[in-house]
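Each of the next two complexes has chain A plus one other chain: chain B in the first, chain C in the second.
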Partner chain A sequence: MKKYLETYNNTHSVRINDIPVLTYDEFCLLAEELFSEQHKHCLSYHAIDSGKEICFFCIVADDSNGKIYIFSHRSAKPVPELISLSPKIEQLQIFEREITENFGIVFVGHPWNKPVRYSHNRHDTKQVMNNYPFFKIGGHEIHEVGVGPIHAGIIEPGHFRFICNGEKVLHLEIHLGYQHRGIENLFVNENEGLKRCVLSESIAGDTSVGNALAHCQLIESLSEFNAPEDLQIERCIALELERIAVHIGDTSALCADVGYQLGQVVCEALRTTIINTTQFWCGNRFGKGLVRPFGTNYPLKENTIAEIRKILSDSGERYFTVAERIYSLPSVLGRFDGIGAVTTDQAIRIGAVGMAARTCNVKRDIRATHPFQYYRKRRPEIVIQQTGDALARGVLRWFEAKESIKYIFDLLDKWEKIKKSTKPPVYNYKLKPESFAVSAVEGWRGEICHVAFTDANGEIVQYKIKDASMHNWFALALSVRNQEISDFPICNKSFNLSYCGHDL
Partner chain B sequence: MTGLLLIILSSVFFPGIILRIKSIASGRKGPGIMQPVKDIIVLFRKNNVFSDTSSLIFQIAPAVGLTAVLCSSLLIPFADKPALINFDSDFVYFSYILALGKFFMIIAALDTGSGFEGMGANREALFSMITEPAFFILLGTFSMLTGYTSFSDIFTQFYMSDSDFVMIFSLIGVYILIQIAMIENSRFPVDDPKTHLELTMIHEVMILDNSGFDKTLIHITTYLKFAVYGSLIYNISVPAGWNIYLQLLLFAVVQALFASTVGILESFRARNRMRKNPDFILTLTAISIVAFVVVIIIRGKMI
Partner chain C sequence: MIKEMKILKRHGIQFVPDLKEAVLTPLFRGRPVIKEDISKSEAEHIKKICPSDAIVTEGGFGIDLGKCVFCKECQFACPDKIKFTNDYKLSSNKRENLVVRKGYKEIKFDEQSIRPEIRKLFKNSLKLRQISAGGDNSCEFELNAAGNVNFDMGRYGIEFVASPRHADGIVITGPITENMAEALQICYDATPSPKIIVLVGTDAISGGMFKDSPALNRDFFNNHAVDLYIPGNPAHPLTFINAILALIGR
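Here is the complex of A and B:
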């Protein structure tokens, strides 16, 4: 018998009963075997409570052949103490922490089993924000600096605890959970399709299109629906527009953090032109309402295409000019070069995904490795950087924006040639019963993974969301070690991770 | 007296000019030249909020800081008129009265007990400390050149000295004083007054707990300090014997140019890394030392 089930991204659903159930020992052995190869990383590892027993599902993405492996373990309640996988497979640490928090399962040997987000239905309600067990280092010359959860400026809440020796950071602990809204449960409780869609757009406000697309793909997979080609192209264009806009906006914010006014104001203005294009298309600057299951309310039109072409070639050209200037200015380079470096080894071990991985020379891009929508027919170029520092993260944005603009032009050409099948979205869908589906999307930040399980009536009983930030926050914590504390804001901004995407 | 009045007058326009230049350089419409003054008027009407953990030190520090700068400005002459106060070696007094103000700001920051402010105080103290030699060696150079030790005498005699190299010393003086003014006023490239990131701030983080009236005093202190340094720059760049009306015009021009320099510098570059700041500041000392050695050779004082 095969120990795991193989499937592909965004194709069809699988029956829950087809997922092999292993004993915990087999489960651990298989996990160790799979994760020993560097081209495999964890898409999601979570547990669900099915009444009498707790079921563990581990979903692994294989970057070399585009397959997704699923295997599971079931344990009757009360669950005995389990051996933690984290010491051997570091990337699972956050998932085991989440499982412990939700179900009170003890993972023996987990070095860092602290609460993740204080979910409302957590197992131990005595664990609250105020008694978070921060890591301590003693010594006369050691001091702690706590930043947040309320920050100067308009960012989301999160607490950063630095342990410093003078200006040097020895350790950073990131304490999140302030944004927890119980969004996964809302997906289960809400059975209206439209409301779910709107909800998915609010998982992380800066990745509306990415999350909405992941959700719609999931619903379509559970209904065995294959999107027509023109719809696929439109979705890809929306996703790439979002990527370009955020990358340009981030360039602006990076310049602001080092006090380079020219780069800041120019990129700010350019980002506006891009999001205004999205507004021209669908009426919302962040693309809310653009991606819907089974169809679209806003099919591309001739004038939209003309607008996208005009803005992208104009703003794109300007952005490349200013980006070239930014990343060749000595004073800016002096601030970015060598700051907050994450090594390739670290990135692989913590399971970094998306931009954080690609800046460390790790080719992880769902668009190319596990293609979805139109990416299956035309794969984009993966842009990678080697150094893993703040400069690499800045330059990666520039090159990715360049690649995305080129890609959108290709898609527009293709779209004009094909037959249109404009259909409105469908919200009163019926999902396949007793099924399970995975949907992964490469948002601008990295992979977004939505997973859903249905019961015998085809109702969603469990909905799991994983944002790229789940893995990547740890990369930020590693990147500031032995750096100056004054460089932390640049490191933080260059990762630009999501608080609400993590807290859900 | 004229010197003091001119300093106060130019400090009114100084921040506005910086702001205008930065707005123009970034292609923005930007606020009017009087906006900082309007902000000050608004802030003056607000009350102070004091944290429970802070003591009297925290409450008097902004006033001490302002007084210190006002006292130091009494020493600055204009044209060939001596300053209100002048005595031998008064530049030492000038420097340490400013340092007193800064000292109070530093202990006030420590007084709040905030982790951030301690960090800022630490940085500010370090950078002030290593700026000091540059200033003293520069003034020592001027004393050696002119043979006098008070601001009023030095500046009156500056261009009357028989040295052929006075222009070179003037240029070095202008450069070093501009840089010192930038450091002392927490501007580029050492500090960034616009940043919202507590962890990268130097001066701004020290005054996080100040509000309302006290904050206004701190702002005014900064503006005055700029004008004081601008005045010093003016004094070493324009001969004291020139026509007084021409000098008034030139004073305005020099101050405006100084403010524009600050604005332009802040528009087209990024600030330094924190670790690079000490090197950057020590360079100024190095330049002063070179000037000092040269003046010793010129004056034949080398044994």
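Here is the complex of A and C:
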């Protein structure tokens, strides 16, 4: 018997009973074997409470062949102490922490088993926001700097605790959870399709399209529905528009952080043109309402296509001109080059995904490795940077925006040639019973993974969401080590991770 | 230098000259209009599909913009009777005024109940401290955009500041999570009086899609009166700016 079940990204659902159940020893051995190869990383590792027992599911993405491996372990309650996998497989640390927080399971040997987000239904309610166990370093010259939860700008809340020696940061600890809205449970309680879809757009409003797409794919997988080609293309265009808009907006913010006002204002205005194009298409600047299960309320029209073409060619060209200027100015380069570097080895060990991985020469992009929607038929070019520093994160955005614009033009040409068969959305769907589906989407930050389990009646009993930030916050913490504390804003902005996507 | 000048020339003039009269794209989902009487069965049907319980049936059919997530599904269900227009002026200082009923042509401000010190002190300069308390980052993006090169609300002396001690009021986004409730209170307390409270986005006004989540703590509103409600999912920068201008009497 195979020790794991093989499947592909959001093509169809699998029966829960077909997922092999291993003893914990076998589970650990298999995990070690799989994660020993660099081209495999953890899509999601979580536990669910099925009443009598706790079931652990580990989902591994294999970048070399596009497969997804799933294996599980079940343990009757109360669950005995388990050996932690984190010392050997560092990328699992955050997932084991989440399992401990939710179910009180003890992972022996976990080096850093701290609360993740102080979820409402956490096991130990004595753990509260105010008594987070911060790491301490002693010594006369050492001081701490606490920032947040409310920050100087208009951004989401999170607490950063720096341990510094003079100006130098020795350690940064990131304490999150302020944004926790209990969203995963709402997906289980809300049995109406429209509610779920609108909720998915609020997981992280800056990635509305990405999350709505991950959700719709999941629902469609659990209903064995294949989106028609024209709908697939429209979804990819929406996702790429979101990517372009955020990348340009981030370029603006990076310029603001180093005091280059021309870059800031020009990119700010260019971002507006892109999100206004999304608004022209669907009535919302963030694409809320655009992605819906089984169909769409806003099929592309001639005038939308003309608008997208016009804005992308004009704004695209203007963006490339200003980006070229930004990344050739010595005064700007001096603030980015070599700042906040994460090494390839670190990125692989912490399981970094998306942009954070690609800037460190790790080719992780779900669009290429586990393609979905129209990316299956036409793969976009994947941009890779080598140096892992703030400059790489800035330049990557520029090159990715370039590729995305090219890609959208290709898709528009293709869309015009094919037969249209998109219908309005369907919300009163019936899902396959006792099934499991996984849906991964490459949002602009990186991979978004939604997982759902259904019961005998086809009702969703468990819904898990994983944003790229879940892996990547740790990359930010590593990037500021031995940097000056004044470089923190640049590092933070260059990663631009999600608080609400993490806190859920 | 020449390159920069070329970039600036292409950049041109970006600011919206008239923030009160600017016209948004026809599809923008703004203030809904109820054109005809909605029958009882239609009302029941719409109430059932509405994802955020924004449909009011007592005292006639209405849409509560304080709860509406602007998904437009009620219009798709009843296209002859309900229409979301591109009017972005959606705000009021009174919660009840956010309910849109048949024939309404605008959302009204209750001039009488605006505290006199607001217009006296803040008319020409209003500094605000933003607090995200479970916001999904789209309202936060739009508030940032309200001060950017396009919308430039700074022209009216309205600005976001880094510290509550420099602020004349707080702007809350998000449904107020349990984990953020204390920080919100501390921030409010740190803002010197007189001060205003502004809620931006449907999540902040009613909890929005999260209203039934046990992970929220909205006790803050038991003790504090709100001066301005700005609906939206998220609220458009023009919605925000016009709301503030209406409040301070500009």
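The rule is simple: the second predicted complex is superposed on the first by the 504 of 504 C-alpha atoms of A that agree within 3 Å, B and C clash if a C-alpha of one lies under 4 Å from a C-alpha of the other, contacts with A are read in each partner's own complex, and residues count from 1 in each chain.
By our rule, contacts are C-beta pairs under 8 Å (C-beta built on N, C-alpha and C of every residue); 3 or more make two chains touch, one makes a residue touch a chain.
Predicted model, so just to flag it, every value in this text is computed and none were measured.
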- prompt: After the match on chain A, would you call chain B and chain C a fit or a clash?
  reply: fit
- request: Based on the superposed arrangement, let me know which partner A:R335 touches: chain B (first), chain C (second), both, or neither?
  value: first
Task: In the overlay, answer first, second, both or neither for which of chain B and chain C A:Y178 touches.
output: second
Message: For the superposed arrangement, I'd like the angle with vertex at the C-alpha centre of chain A and ends at chain B and chain C, nearest 10 degrees.
response: 60
Query: Looking at the overlay, does A:V198 come into contact with chain B only (first), chain C only (second), both, or neither?
result: second
Field: First (chain B), second (chain C), both or neither touched by A:P489
entry: first
First, second, both or neither for A:L262, with chain B first and chain C second: both
Query: Now for A:E37: first (chain B), second (chain C), both, or neither, which partner does it touch?
result: neither
- prompt: Should A:G153 be classified as contacting the first partner (chain B), the second (chain C), both, or neither?
  reply: both
Task: Could you look at A:D206 and tell me whether it touches chain B, chain C, both or neither (first, second, both, neither)?
output: second
Query: Looking at the overlay, what does A:E459 touch: chain B (first), chain C (second), both, or neither?
result: neither
Message: I want to verify the contact counts: of chain B and chain C, which reaches more residues of chain A?
response: C
Query: So after superposition, what is the minimum Cα distance from chain B to chain C, given in Å?
result: 6
Message: Per the definitions at the top, what is the overlap between the chain A residues touching chain B and those touching chain C?
response: 152-153, 262, 265
Message: Applying the document's contact rule, which stretches of chain A touch chain C when the two form their complex?
response: 118-120, 129-130, 149-150, 152-157, 177-183, 185-186, 189, 192, 194-195, 198-199, 202-206, 208, 249, 262, 265-266, 268-269, 272, 276, 279-286, 288-289, 297-298, 318, 321-322, 325, 424, 427, 498-500, 503
Field: Touching residues (chain side chain B, partner chain A) in the complex
entry: 22, 25-28, 115-116, 118-119, 188-189, 192, 194-200, 266-276
- prompt: Which bits of chain A are touching chain B when the two form their complex?
  reply: 143-147, 152-153, 167, 255, 257-262, 264-265, 329, 331-332, 334-335, 339, 484-489
- prompt: For the complex, which residues does chain C have touching chain A?
  reply: 3-4, 6-8, 10-11, 14, 24-25, 27-29, 49, 51-52, 69-73, 76, 84, 130-145, 148-150, 160, 162-163, 174-175, 177-180, 182-183, 187, 203, 208-210, 212-216, 233-234, 236
